[in-house]
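All chains are identified by letter, namely A, B, C, D and E, in their written order; residue positions are counted from 1 within each chain.
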Amino acid sequence: MTSNLIVYLIAIPLFSSAVLLLSGRKANKWGHLLGTLASASSFGVSAYLFTQMLAQPAEDRAMTQKLFSWISVGSFNVDASLLLDQLSICFVLLITGVGTLIHIYSISYMSHDLDRRRFFAYLNLFIAAMLLLVLGDSYLNLYVGWEGVGLASYLLIGFWNEKPTYATAAKKAFVMNRVGDLGLSLAIMIAFASMGTVSFAGIKEAAPQASTTTLTAIGIMLLIAAAGKSAQFPLQAWLGDAMAGPTPVSALIHAATMVTAGVYLITRSNFIFDAAPTAQLLVVIVGAITLLFGAVIGTAKDDIKKALAASTMSQIGYMTLAAGLGPVGYAFAIMHLLTHGFFKAGMFLGAGSVMHGMNDEVNMRKYGALRKFMPITFITFGLGYLAIIGIPPFAGFYSKDMIIETALNAGGIKGILLGSAALFGAGLTAFYMTRVMILTFTGTKRWDDDAHPHESPILMWLPMAILAIGSVVSGFLFTRGDALVHWLEPVVASHGHEEHSELLPPIVVSGIALTIVLIGISIAVMMYVRRPIEDVAPENVSALTRIVRQDLLQDAANEAIFMRPGQALTKTLIAVDEKVIDGAVHGVGAMAIGSGSELRKSQTGYVRSYSALILVGAAAIVLGIWVITQ
Amino acid sequence: MTINWISLTALLPLIGAVLLATLPKGAELRAKQFAFGTTLITAASAIAMAVQFQRDNTNLQFVEVRSWIPSFGINYAVGIDGIALVLILMSVILAPIVILAGWNEAQGGRWSVKTFYILILVLETMMIGVFSATDVFLFYVIFEAMLVPVYFLIGGYGTGERSAAAVKFLLYSLFGGLLMLASIIAIYVMSGDQGGHTFDIAKLANLEMSSTTQNFLFLGFFIAFAIKAPLWPFHTWLPDAAQSATPGTSVLLLGVLDKVGTFGMIRYCLTLFPEASKTFTPAIIVLAIISIIYGAILAIGQKDLKRLIAFTSISHFGFITMGIFAMTSQSQSGATLYMFNHGFSTAALFIVGGWMIARRGSSTISDFGGLQRVTPVMAWCFFLAGMSSLALPGLSSFVSEFLVLVGTYTRYPVAAIIATVGIILAALYILIPVQRALHGPTTPGNENLPDLNLREKIAIAPVLAAIIALGFYPSPLLNVINPAAAHVNSQIGFTDPVPTVEGK
Amino acid sequence: MNSANYLYLSALLFTIGAVGVVIRRNAIVVFMCVELMLNAANLSFVTFSRINGNLDGQVVAFFTMVVAACEVVVGLAIIVTIYRSRRSASVDDANLLKR
Amino acid sequence: MDFNSPTLEYSLLAPILIILAGALIGVLIEAFVGKTRRPVVQLSVALAALVLALIQVIRIRELSSTTAAMGSVVIDGPGLLFQGAILIIAIISIFLIADQDNFTSSPAALPGSDEERQATQSGTVLTEIYPLTLFAVAGMLLFPVASDLITLFVALEVLSLPLYLMAGLSRHRRLASQEAALKYFLLGAFSSAFFLFGSAYLYGYAGTVSFAGIHAAVVGGTGNDVILLLGIAFVSIGLLFKVSAVPFHAWSPDVYQGAPTPITGFMAAATKIAAFGAMLRLFYTVLAEAQWQWRPFFMVIAIITMIFGSLVAISQRDVKRMLAYSSIAHAGFLLTGVIALNKAGLEASIYYLFAYGVATVGAFGIVTLVRDSSGEVSDLNRWAGLGKRSPWVASAFAFFLLAFAGIPLTSGFIGKFAIFSAAYESGATAVVIVGVLSSAIAAFFYIRVIVLMFFTDATEDGTSVVIPSILTRLTIAISLVITVALGVFPAPLLDFIKPLAIFIR
Amino acid sequence: MINYALELGQTAKPEALLFYILAPLAVAAAIGMLVVKKAVHSAILLAWVMVTLAIFYIAQDAAFLGIVQIVVYTGAVMMLFLFILMLVGVDSSESLTETIKGLRWIAITASIGFGGLLISLLGRASLGRTTAGLADANSNGNVEGLAQLIFSDYVWPFEVISALLITAAVGAMVLAHHERTVKRVSQREQSQARFRSGSLAAAAGLPGPGVFALHNAVDVPALLPDGSPAPSSISATLKARGDMLDSTQYQLDNNDNAAEDK
């Protein structure tokens, strides 16, 4: 089925973005409105397309639109064409839906910023790029969106780039993403070299004939790409710093949408991973490590946004883990992705709301007792909190429980390890999220005198409220009759629901999970409700805490492994360039000049030495003759 | 007698230069306007030619052959294929942009403004000639003669150590040129032994020679082109030259002149010495990879904006060279497209960078800071140019870079993988100056820098528009390039590696 | 009598003349050494004339004498001029032009 | 006995005879024409003689390929080409020579004496230059067409003696000029002795002094080659001295520097043509069959000449000396034409000689223009910034330098290409490679001068460029036009040379 | 050595005898030219070599050349040399110590190499034919034979050589001839100038030297009536050379007026 409407999904925000960027200050008055409208229109189109899709039988739901032939050289033919199938529509709806809400939120949140128009331009640009990412029908098209969101992310993280650390954060995000992009490019190259195509459909068709080695290679490269974009281990370090961007950005890009692109990529490439067990194993390992990694650093964060960011990292770890579990996991990965999109976006907006009321203060130790001053924020944030820690019947419970279950059922020791990791992560999540709640909303007030906490205006709390509703109901909706699983089936092709030998019955798993969550909450309550909270983080803490505070030394490691040697290499090469390469050239020149001035001395000015030279020359010639007539 | 489009296009700037010489001394503005007009007319002529170009015809088109030095079998012979057409188009489009963008850059020179534009126009004639020559001798003559105007442009109108840089440039190029001359002499003599002296490239391609001879002659040509391109380790002249030249000159130098090197590799190295090309391919690929990585790393470490751009170009030329010698249809087409796109993205970088430098009076990156706040339009232009330089998907350079990489991968996977690391370094070498110059607090002395004026906006707009448009829709160029690139590969006898699995 | 002996003599005289040009400093003596070389060459000509049985060699020798006379005139004029300017006939003193 | 009354083909000898007649008239003018009118009359006579001779050369080109004057002279295509080239160079140079500022007014007066000052102030000019120049030209015309060793030797002396004299006649820095004359003379005589000694051996080997006879002996000689080789060696030393090939070059930097600049230009250009003309004739016709013996030697000499000339020129501080070393390097390039020993080599050499000669005269013409209060300034450091003060003069000089460097679109490039390709064709690959490399080195010092003129700021020392006289201007303009024309459209000359460039034996 | 002796025996004809006597002398004289200090001695030794060669010419059937060698070369050319030597100072002698470092050794090595190799090569040479002798060529007389060649076969170089002679003459003149650039002042003009100079003291002409002095040599200034010496009576040349003597010692008596007159 083809549809001519798909392109408008992208075109509308892209056009809006271009208009906003090019029209300059004139557009300050109406720029934010145009941006929001563009996003909303895109949402409208996607909603319409969704209804169209629903009207079709499951196997005919995928829609395509060929725009033009983009790159065509020899056998390398890539069309600019779009694919809207069951998987993409989930994302499209999430992106445009949450995106629109965040646009609305931003109107108010950014109202005092001189560059609000530019902000909306970037947001629109992001929406367009993200849509291209999920709508592209080939890896190369995806790549354009992939880097496009990277660019938008860079621009938005660095939105307040007058502050050098923010600019650095933006750069860091871009560069680390580029490492991921390297993986994606290589994956495309390998795919083209081995299968002669880069489109999803083409590769899907060719994959079964391809060697496992090839597919494993592609899979690993795709994993690198996903790790870069989704802040998965070992490319996770940029996400925390990315919180430099305005909070709506964190909500949209660094929580709900962009960072989940890695999960999308893996899910989209299911035909590769399913045939490459090694790559798949790596995916789950990465997912498991990251979910724990994120959760652990989340426990020590005092910056509310960074705490949420760590949480995001951890939650995406869950998704990656799920996606790595193969056909059984893809749907759960996407489900968690969607629910996470709601609750995490909602919580970020909540955090933004808090900051909005607290003079942009992000240190939770300077909060406290805010529930009285910001009741709506407290409620919406609280709903998100309940969702993320997995309290039934909130959304997170359904999605996370599924993942834990699937992980445990992965079989053998692998399943036990993964399951315990997931369970442990759930406990940690409960701990640090409770900590966030306690520090922010309960207890005694610790803020400075010049802070005048107040509730946010309606334009801000309304999106929060809508997202909160999503956090509450989405999980239930998705799992009702396995709705999402069936919806995605044509894409992720769970080749017949193979029966896994279940390690534990689902109800037991849920029970264990809930217990662990409750333990996590209790510890947090014990630590932060019973004891007074200092407004400055205590210094006399264990070495472990310190390490956790330093994000498990992730930056130190990067510095030691890449940055310092890199800088040294740069310095060395500059010296080599000057001294050795240019030096050799100059050396040759100097040699010529030097020998010239040495030879010049033969010109003594004495006529007798000249005649001696002639005589010597003659003698040499005679000697030559003497030799050759020998 | 019909007028040959190539000759006409090439002649226009020369006529302009002669007329310009007759202008009175003081008339600076008139000289500028006149030069600008001439380049516009030239561009129009070239575009008119491009419209008539039959893109599926792999033969040379617009061929004109006139006897020049019959006793040596030397002809004035011109003709273009898709590759040459694209490069000529790039040259003639860049020329008016350079003039418009650098409206005042001739002021600080040793000689009059008029002389500057005469040199530019003469150079333009030679640029067209060098890409369209089909007589090796004619090519060589222009190849060498081009050095003279550039030499004076750098040495006379540049900044800093301009004369040293100009001399370095000239000597490097002359040295390479002389090596090529040695090879040309050998070819000429051989052609004489095999049926009459000729310099017709088509006939020379059929020369029979021993593989040793071919290897030596290939090296003569290749080193000349490698110096021109420039390829590691023959690159050290470029940063100096770019640092000293005016931005406009740098655009022409890096954007157009250096392309003669890579163009020459395709047109002469591959065509005349197919066997030797194959022999040396591994070595050249290695050099290309070193260039890519080395250029990028050195760019990261630069403190001077112009030097930085120069080193990025060294990295980019590594890509082009790699694409040429990987000899797959993707890499070959990609390399030519890369030449075109690099022309524009480097032009954008140098032009905007030049404006920044002219405003600030310094080319040290750390002297800038916070320009995004002070001069948002200029900052944006620079940013976009930078994005093009790091081959952001959606911009033109991505298409070419990716084609080169993917094409190379099918034949030399390891090389492609190493080269791909270059894209990470590219992010660093662009974002570091972007951060230092555009972001952060506005450094003292920059508060009152003026943003772009209308002339500057008009100058840069087509470049940026081309960068974006060709990123989304490169087909017009690719359609012209593909047949020619395929023809080159088939001449050497290379076919694309077949994928192990046949997909759709 | 073997004519070759004259050739040896000629070679010897030529060599001595050449050495004289190198080691003597008085420009006139240097020039005389050149004359010695010319004479040595003449001796060869005359000898070869005899060996070859034609008079061409003698004609050359005759021409050489005339040429030598002309050279002497010009040479001595130059030497005298430089002597008048410098009050020295040593070739080593003429050392303005070098390097 | 019967006396064979000699026949002289006057029309074929006419170019030489016209020049000699012009010279004799010049001598008579010295005696009979008033002092004030002498310069104009002398110039007119000299010019007329040169032009008439040139016309005659052109007229007899159809009659060529014969011997004349009892076999002493051979008039063939190459010979006439050399003669034509020499005459054209002489015509260009005579305008430069006519700019009398360069010559002392009274050579007999002591340098720095009152007499000298008075002579200079009185405006006396040295018109003997013209007949001397014409005598030199006559010798040069005869040198490349001489067909026996006697004529060759006589021609050598006829061309040399006036040059020895003229080298000493500079107005400025007279001591240096006289020193140049002395050095030139002593070393010239020294090398003539070698030449003569070699001739003796060639005569001994062949039993005759005629080229034809020597050739016959070389082809069908009895005995061994020792005498022949010695003869070739010593004759070559004489010729290599004239073209200033290493190691017989040492005179040229000093003489070039000391001699009056117009003479330097004339000498550098015309002597090279004449000497190479003779050398080419000797080695292409007479000794061609002995190439296995002499070519290796010439290759070595060519290689060291090219390298030496290029390297030493780099470190020169005086423009005339630099041009001298450049001419040494060019001698090396030209030797590759001798080594080539094929028709292409001959054509190339003729072209190269002409192109180089014209550019040389032009370059030295410009050197005469750069002066300060005490005369010509040849110190390169004081040429700094010339491009600023006199852009046209500097540009013209730069163009000549580029021609020397062999940059395309100048005559030098075509010459270099032609001569190297001829040498390569003959299998002298090593020589060609060295030639190309030393061209690169050579480019370095030419460019250095260009940098100095255009990119270096002038020191305030009163160096100025005099407004060239109309005659000097003519010299420079003609040279420039020819250099450009030969670079861009070399075909007419090449095509002209091609059918003529066949030596007859 | 043995061969040499044998050869000597075989060739012991008058010519050989002449050769073996004169050749060593010629070589000795030539070497002498290099080692004697005075240029004049060198010239004399060269003249001796030339005479020797003239004898050898005659011995080799080149009678005309022999005579010319003596008359023209030894007679005229060498005289010219001697003349110039006189001009520049006949007793000027030259230190034979070498001032240019290493030159002597280079010269000696090169010359021994050159001469040795040359002679060795000549020994190796063969023309493949025997000495023809000049009996045939000189059958009509040596001078006639030469004339035949010079005036027919070699008439062209013979004519050209005239150019050389003219060049030499012109050249010598250019370098030696002083052209008067200032008009010669006539006696009448001098006289007029003296009278118009303003002082009658100068009008009468200068005093002659030695007047009234006890000594009347040209280098002693005349004494004025008051007894003081008159330097103007001495020739400027002598003054410049510093050859002017003090005239006071030849004064009749020391007059006190001398001081007043100044």
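Here is the rule we go by: a contact is a pair of C-beta atoms (placed from the backbone, for glycine too) under 8 Å apart; a residue touches a chain by one contact, two chains touch by 3 or more.
Worth saying up front: this structure is predicted, and the values here are computed from it rather than measured.
Trainee: Mind listing the chains that sit against chain B and also against chain C?
Mentor: Under the touch definition, chain B and chain C have A, D as mutual neighbours.
Trainee: If you average the Cα atoms per chain, which one ends up farthest from chain C?
Mentor: A
Trainee: If you tally contacting C-beta pairs, which comes out ahead, A-B or A-C? Let me know.
Mentor: Ranking A-C and A-B by C-beta contacts puts A-B first.
Trainee: Using only Cα atoms to place each chain's centre, name the chain farthest from chain E.
Mentor: That would be chain A.
Trainee: What chain lies closest to the overall centre, CA atoms only?
Mentor: Smallest offset from the overall C-alpha mean is found for B.
Trainee: Could you state the distance in Å from the CA-based centre of chain B to that of chain D?
Mentor: Centre-to-centre distance between chain B and chain D: 44 Å.
Trainee: As a quick test, compute the distance in whole Å between the mean CA positions of chain C and chain D.
Mentor: Result: the chain centres lie 25 Å from each other.
Trainee: On a C-alpha centroid basis, what's the spacing between chain A and chain D, in Å?
Mentor: Distance between chain centres: 79 Å.
Trainee: I'd like to verify one number: the distance from the centre of chain D to the centre of chain E, where each centre is the average of its C-alpha atoms, in whole angstrom.
Mentor: Centre-to-centre distance between chain D and chain E: 33 Å.
Trainee: Quick check on chain B: which residues sit in contact with 2+ other chains?
Mentor: In chain B, residues 171 touch at least two other chains, as defined above.
Trainee: At which residue positions does chain E touch at least two other chains?
Mentor: 100, 103, 106-107, 110-111, 114, 118, 121-122, 124, 127, 129, 153-154, 157, 161, 164, 167-168, 171, 175-176
Trainee: I need the residues of chain D touching at least two other chains; which ones are they?
Mentor: Within chain D, residues 107-108, 150, 153-154, 157, 161, 164-165, 168, 182-183, 186, 190, 194, 204, 224, 226, 230, 253-254, 444 contact more than one other chain.
Trainee: Touching pairs of chains, all of them, please.
Mentor: A-B, A-C, A-D, A-E, B-D, C-D, C-E, D-E
Trainee: Within the complex, which stretch of chain A touches chain C?
Mentor: The contact residues of chain A facing chain C are 600-601, 603-608, 611-612, 615, 618.
Trainee: In the complex of these two chains, what residues of chain A are touching chain B?
Mentor: Contact set of chain A toward chain B: 21, 68-76, 80, 140, 143-144, 146-148, 151, 158, 161-164, 167-168, 170-171, 174-175, 178-179, 181-182, 185-186, 188-190, 192-197, 199, 201-203, 205-206, 209-211, 214, 566, 569-571, 573-574, 577, 581-582, 585, 589.
Trainee: Please name which positions on chain E make contact with chain D in the complex.
Mentor: 118, 121-122, 124-129, 140, 144, 148, 151-157, 160-161, 163-164, 166-168, 170-171, 173-179, 181-182
Trainee: Under the touch definition given earlier, write down the residues of chain D that touch chain E in their complex.
Mentor: The touching residues are 1, 3-6, 8, 13, 16, 20, 23-24, 27, 30, 68-73, 105-109, 115, 118-119, 122, 124, 126, 128, 131-132, 135, 138-139, 142, 148, 150-151, 153-155, 157-158, 161-162, 164-165, 168-169, 204-205, 221-224, 226-227, 230.
Trainee: State the interface residues of chain B toward chain D in the complex, per the touch definition above.
Mentor: So the residues of chain B touching chain D come out as 67-72, 110-111, 137, 140-145, 147-148, 152, 155-156, 162-163, 166-167, 170-171, 174-175, 178-179, 181-182, 184-186, 188-189, 192.
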